[in-house]
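Following: one structure in structure tokens, then a few remarks.
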Amino acid sequence: MPSTDVINQIGLSHYLVLSAALFTMGFLGVLMRRNVLVMMMCIELMLNAVNLTFIAFSKFSGRIDGQIMVFFVMTIAAAEAAVGLAIIVSIFKRYREVNIRFFEHLKG
Amino acid sequence: MLLTTIVFLPVLFALLVTLWPREKSLRHLALGLSLIEFIVSLVILRDFSAATPALQFVEKHMWIERFGIQYFLGIDGISLWLVILTTFLTPVVILGSWTSIEKRVRGFHAALFLLQTAMLGTFLALDAVFFYVFWELSLIPMYFMVGIWGGARRIYATVKFFIFTMFGSLLMLVAIIYMMYLTQEGLGQMSASLLDFYQLKIPFVAGTLLSLQTLLFFAFALAFAIKVPIFPLHTWLPDAHVEAPTPGSVILAGVMLKMGTYGFLRWVIPLFPEAAEHWAWLMLLLGVIGIVYGALVAMVQPDVKKLVAYSSVSHMGYIMLGMFVFNSYGVTGGLYQMLNHGISTGALFLLIGMIYERTHSREISKYGGLAGVLPVFTIFFFIITMSSIAVPLTNGFVGEFLILMGTYQAHPWYAVVAVTGVILGAAYMLWMFKRVFFGEKGQLIMEADHPLHDLNAREIAVLVPLVILVFWMGLLPNHFIDYSKASIEHLVNNRTNYSLPLPGQTPAAPTEAQ
Amino acid sequence: MGQDIFEITINGIKLIVIFLLMVQAVPILVWVERRGSAFIQNRLGPNRVGPLGLMQLLADAVKFLNKEDFLPRKAVRALFYTAPVYALIPGVIAYCAIPLGTPLQIEAFEMAGKMWGPYTFAMQGFDIGVGIVFILGISSLAAYTILMAGWGSGNKFSLMGALRASAQIISYELALGLSIVGVIMLYGTFNLTDMVLAQQGPMSFSFMGNQVVIPWLPNWGLFYQPLGFILFFAATFAESNRLPFDLAEGEAELVAGFHTEYGGFKMLMFFIGEYAHMMIAAGLVTTFFFGGYLVPGFTPAEIREFVAQNLASTPNGISAITSVIHLLAYFVKFALFLWFFIHVRWTLPRFRYDQLMDLGWKTMLPWALFNTILTAVVIYVAYNFA
Amino acid sequence: MTADAFIFWFLSLVAVTSGLSVVMMANPIYSALSLAMTMVSLAALFATLGAYFIAGVQVIVYAGAVMVLFVIVLMLFDLREETKAFTRGQVSGALKIAMIGFLAGLIVMVMAQGVKFLAAPDVVDAAKLPEDSSKALGLVLFNRHIFGFEALGVLLLVVAVGTVALARSKGGTHAKH
Amino acid sequence: MNHSLLMAILLLSPFVGFLINGARYRKNGPNLAGWLATTAIAISFICSILLVADLIGMPAESRRIAVSFFDWIVIDKLKVAAGFVVDPISAIMILVITGVGTLIHMFSIGYMHHDKGVAKYFAYLNLFVFNMLILVLGDSLLTMFVGWEGVGLCSYLLIGFWFTDKDKAAAGMKAFITNRIGDAAFLLGMFILFMTYGTLNFFDLNQLAPTVPEASWLGAATLGTLMLFIGATGKSAQIPLYVWLPDAMAGPTPVSALIHAATMVTAGVYMIVRLNAMFIAAPNTLMIIAVIGAATAVMAASIGMTQWDIKKVLAYSTVSQLGYMFLAAGVGAFGVAMFHLMTHAFFKALMFLGSGSVIHAMHEEQDIRKMGALKKYMPITHITFFFGWLAIIGMPPFAGFFSKDEILWKAMTSPLGHPLLWAAGVLGAVMTAFYMTRLMALTFWGKSRVPKEVHPHESPALMTIPLIVLGLLSIVGGWLGINHAISSILPGHPANVLEHWLGPVLREPSLDGVHHSVTMEWALMGVSVGLAALSAFVAYHFYVRSPETPKKIAESLGPVYRLISKKYLVDELYFGVIINPLIAFSKNLWHHVDVQVIDKTTYLLADLMKGGGSVVRTLQTGNMQQYAMYIGLGLVAVLSFVLMR
């Protein structure tokens, strides 16, 4: 391995590690939090982490397609948020509840 | 453009029917439209050249370039009559369902037209994927027809029908995809065109199930066999028929079952000649079992419609038999029998529908002595019964005779067993006829609160074309066979090395316009 | 490394300067607004403190600073206090991206025994390639301020006001964004400086292979995008929560909207934030549609020539005077639009909330889409059918 | 420390801290605000990677619209501190955390392996991408990825209709009574 | 006149009659319908005569008028045209059919006068004639088959003419289905012959038939002809498929006369004669035919002795007489078979019509125990019936004598014959004489047992004229085929017209090297006639003089008598062994194979899916976070795999 100045030489790995950290945080949130809204936010966080990876790869491989992917991810995330929130609002209006454990009517 | 027109015109009709503002004149409109379609199909007949086995009116455009999937339509002697049968039966069915369909008339006619498109597409598509699309598409309108306008146990019947047919076609899809990969390997370019499939030399090893061609053969054959239906796969048919509304039964028996047999003729036999040859015994065996079994079970049915449904199983067994003996008698007979069955069984279902409209029962034991009450109805029923049991000079005889003849040439013992179907056919039909029409007046007629009225002009108008065809086809079969002769000869003679020439490629095809 | 620190320092200074400028502009604007409204309403307005009442604001400031700083019982402390501070940030950062004049080119010169320069000093906070996107993004963050304030106050009026305001901002952001797509397509860039430079000289464009020149009109975006201008201008009103779109603080319904609970210095910060938005809006309109810092009828090169011939001799001097001229030109236009904002506020009545939403979604958005498509078609035709 | 390095470390610190607070904050509104913060810092990171346009869009769409929606919803619900913010159950909790830790390691390792497939790993190949990639982005988007773009358009339309339908089911602001 | 036009008129005239009467089946009254139909047949008869006249004018070796109207089925080697041929064999048939047909139609006008569906009846009858003509004129097996099935169809319609009676409808069905069994075999026979010889044309087949008789049982000629013969047993009511014919008496009596006595039932014989060369080539088949024919003759006659229904007696008599024809054909005496066919047509039609007249007079009563001494009420019927009786029991010089005697002679002397066949024939003749005399005695002679409310009367002229004509024919019909032994003692030595007529077109086993003395011929003749006369006398004695004796004999015979009077329980046997088990088997197939096996299998598959689903669904706890964890675990697994690789 060439001598690396981990502090100053910001390379792809830095971004990847950062994105992995954010991703796992988001995942942790999805697993641990009970508030549906927070879970959705954590999913957004995970998406963002992935976006970061895309951008980083795009930059370091010199291909613009990574950014396109991010663009798509964002659009879908926005759509997802819109629909998800609409559903949650509808549910909340009826049940006054956002705890995920409350919504287990679809169990097999 | 003619074939595109004929395939997709009904979609337009369906749309028109859906959007038509006046409910009252809807049926007239639908009838008119279906007649237009029929006339268009007659244009094909007029311009069709019987002298060549080549595809005619070919339309070929690339659809999905990457997979070589094409918009590929064409007609030859094998599909010609099936197309015309389809376009012919639709107006008949519309006229026949004039009063029996009371709810959601709009939707019904739209479904009928869509079904027509699907069926025509199945007969005319020459690209595997395209074909498959139509094949599956045909399920949907039928599903609704049985499911919405059907009898009491319609949901059970529809689901059974749907799942049975779906099950088979999925395997076919797998096989089609695999064939497409084979084209890529064999021809260098992925293609779903039937003509390219024909060029493939698929390895075949006799005596094992695991040879490639055998597997593909069975994947295709299963899909078609369920549709036909061949003996152990037939149980959806009686249920579907009993629960289907009259027009549904007519179309189901008249055309949809032919999609299976047509599939054998167009796809299975030429695509997998060695496997078809090697496994012909199985198909013949199942065909023969179907003939006898269907007839026997039909004999003891208490329900007229179920009886006719089982008789379909028997008749379709004949067609299987004819196709898998690989000689021109058998194949011609098979093809002819497809038309016969479409006409006579269709007519039987129409007749049963007519009487059902009057008495609301199909139980044989409740009838009796109808001949004295409804003489005209009886005459028509009798003629169609004769056609169904293949009395000479009716259409049924020509088909059955040719099939049995061909079978005997190839496999005498199968013919010997199959011939018993002739006896049993007469037995179950005539026994039914006796119980329904002869004897004392039955419970239904005695208890009817108003006297049953005989057929009216509309109903006679429905039946007369069918009866005319029954005799026409029985008396002058060459009018029909001549169109298919070249194609069948071509299929029989070049089975192992089959290809369908395109119009330009025919080596000896003087295009004499008829 | 040294260069980096230098750049960062310069940019930091510019940020602070612009921030201070904006903060200082607020008292003047408030005065203008109060005097102007008095003028419009046929009364006098503040006129006691200082000449023409100019010192009134100073007095107000003293008053604000001396007010009691209190926290409502149900308020969320963190949000209640951060919100006003946060109100300043987006406005200021966004404004930094707007070019204010031609860059000041400093030739190399010797000072304190070292050679300095040459250096180009841009007359804008920072030049960003994707300027419009940046500004839109940053200004959209303003919604948080309102929400934080509204919810943090622990007051129903505040919350409702905040929800209304933020919903309004989000809704009009669409129309806003779409209305300038035409502009972006027209200039082919996101960069504001490039946009400004594209508007220099008399009106001229090529249409289907023909070069069209109209000498008596400046080459401003207004003439190419009249519909875009109207839509954009209207949307900025909504974005900055000013009349006729100030539903957030509809006194009759909501007391004072999200800043009901605020008073004193915190209130002042919201004021500043609001005026900052107004200034961004005015700046953007100027930049997009009215040639930015350009002097109508003259290109920067012509002015530089003029200055070199008549007013200065050294390159640095020429550059400086040119920049100042453009700066002045910019501020004239800028002030005009600020006045327009104020004028509108005192002229038009307030919308109802559903009218507001209908206007945003059902009128402006479709028209903005139409404008986009029309522009695209015209550009396509203009370039491709020679 | 170079300025680039400083910016990276600073922004990642902000991102990680605010990301953690998204997960950890008991009050969902703080979570949401923290998430907005994460978004902004990520946008800045995008900018450092030369994706200015994406960075701007990130701020507009995510921070400016999506998160605002979240915040609005949270505030509408008026959710305060949650006593049961986290799932209980030591076994499953431990399992989850262990899994996540393992997953994090795996992700990093897999990515590190994946890096090998890049042409020049860990070296910024500035020549390949223009400093301002917006134009290139547009060209690629509207040529190579036009189908995806159109599909997204359809998706958005569907979402718009669906959301309106959902919102109107119980009468929204415009409901006619 | 143009042959094809004549042929067309010959064929189409009955068909047109059918169409007219069929289309106006509710409107045409009995007279109109009847005379229309009769005229149609009469026109055919005239055409037949014209055609036959032309035929006579041709040289003996090439007497053949062939007309082909259009191609019917043309595929590959199979080329079947709608081709019709009049040659000496079919000439006899068309004359009989149209001639006897005309008479029977005429008779029907009177007989069916009061029936409601009379137009329908005549329509069917005309259709039958049309089909019968196709049968006999067709130039190929397939064309013949058209008529073959067509006549079966008409027979079905006419037997079930009074369909409101369940039993009559059932009888029609029985006839059709039994015929169908034969038809199936007929089809197979066609296939076998076509496969071997590549043609279905009679003349081609006869030409191609092997000249050396086939010894093997599995040769094409043997198998093919055997199958065709099974077809013939169906149509011509031979063992084992004769059971339908007695039941077929359910139809109107003229129908029995026309279809079930004179014409249709002889189709089998006709077919064998048509394919004479082919049958000759298959001596094994001929042996079977002869045996079956003889057995049928004896068995049917024995049943006939015990029957009480006038028509049933005649029906068994018909079966028996048909047995004689097959016996003749079986020993290679095709010409004689045709001869007997013709004479039988005359006298049996006569007897059926006579019985019809009786039934008519007795108001639909058919039981001969309720008749007796009808002689005085219906003299014409009695006289004509009397001649028929003489003819059938073989009394010289009536028609039956010549033909039956010739059959017996051939059975003895033909290379294919056997003394046992002769013996069976004689036994049959004896029994025939007995039961016919019994019928005569019980019906016309002796004491009247007529119920009081019934007043028998002579039938109208419309019915008696046909009786008279047929009675004359029964007397003189036999003189066409006087064998040379008799002819040698007759003045002028009348020639055997029939033999000359048919000889050139038949290939019969050569009699070269076989010499039988004329003495023997006389002796055999004497034996059979004598025995028959004796038997007739005994019957007369029993039933007229001492009516108690038969009962005693019947009682003393006990079970044997009961077995015979129950028709050897053949129907019961068929029902018990074949039909009922078949239906039970079918029901089992339906209930068990379809419902239990096939459907259950599919349900089983569905249940498997269901079961699998219900196992797997426990994983669906509804806790979304658990699902997310599963996803995570899956991710871990996949990534680990990627790393491990």
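We just call them A, B, C, D and E in the order they show up, numbering each chain from 1.
What we mean here is this: contacts are C-beta pairs under 8 Å (C-beta built on N, C-alpha and C of every residue); 3 or more make two chains touch, one makes a residue touch a chain.
Because the structure is predicted, anything quoted here is derived from the model rather than measured.
Contacts with chain A and chain B are shared by E.
Each step here moves to a touching chain, and the least such steps from chain C to chain E number 2.
Chain B has the C-alpha centroid lying closest to the overall centroid of all protein C-alpha atoms shown. Per-pair tallies of C-beta contacts place A-D first.
Centroids of chain D and chain E (each the mean of its C-alpha atoms) stand 94 Å apart. Centre-to-centre separation between chain A and chain D, using Cα means, comes to 5 Å.
Chain centres here are Cα averages; for chain B and chain D they lie 58 Å apart. Per-chain CA centroids place chain A at a distance of 33 Å from chain C. Chain contacts: chain A has residues 27, 31-32, 101 touching two or more partner chains. Touching of two or more other chains is recorded for residues 2, 53, 57-58, 65, 69, 76, 87, 96, 100, 103, 107 of chain D. For chain B, no residue reaches two or more other chains under the stated contact definition.
Each chain pair that touches appears in this list: A-D, A-E, B-E, C-D, D-E. The residues of chain D lying in touch with chain E in their complex are 87, 92, 95-96, 99-100, 102-103, 106-107, 109-110, 113. Interface residues of chain E facing chain D in the complex, by the touch rule stated above, are 625-626, 629, 632-633, 635-636, 639-640, 642-643. The residues of chain B lying in touch with chain E in their complex are 160, 164, 232, 234-235, 238, 293, 296-297, 299-301, 327-329, 332, 369, 371-372, 375, 386, 391-393, 397-398, 401-402, 404-405, 408-409, 412, 415-416, 419-420, 422-423, 426-427, 430-431, 433-434, 437-441, 475-478, 481, 485. The touching residues of chain C, counted against chain D in their complex, run 1, 4-5, 8, 79, 128-130, 133-134, 136-138, 140-141, 143-144, 147-148, 150-151, 159, 162-163, 166-167, 169-170, 173, 177, 190, 353-354, 357. For chain D in complex with chain C, the residues that touch the partner chain are 2-3, 29, 33, 36, 40, 43, 52-53, 55-60, 63-65, 68-69, 71-72, 75-76, 78, 131-132, 134, 173-174.
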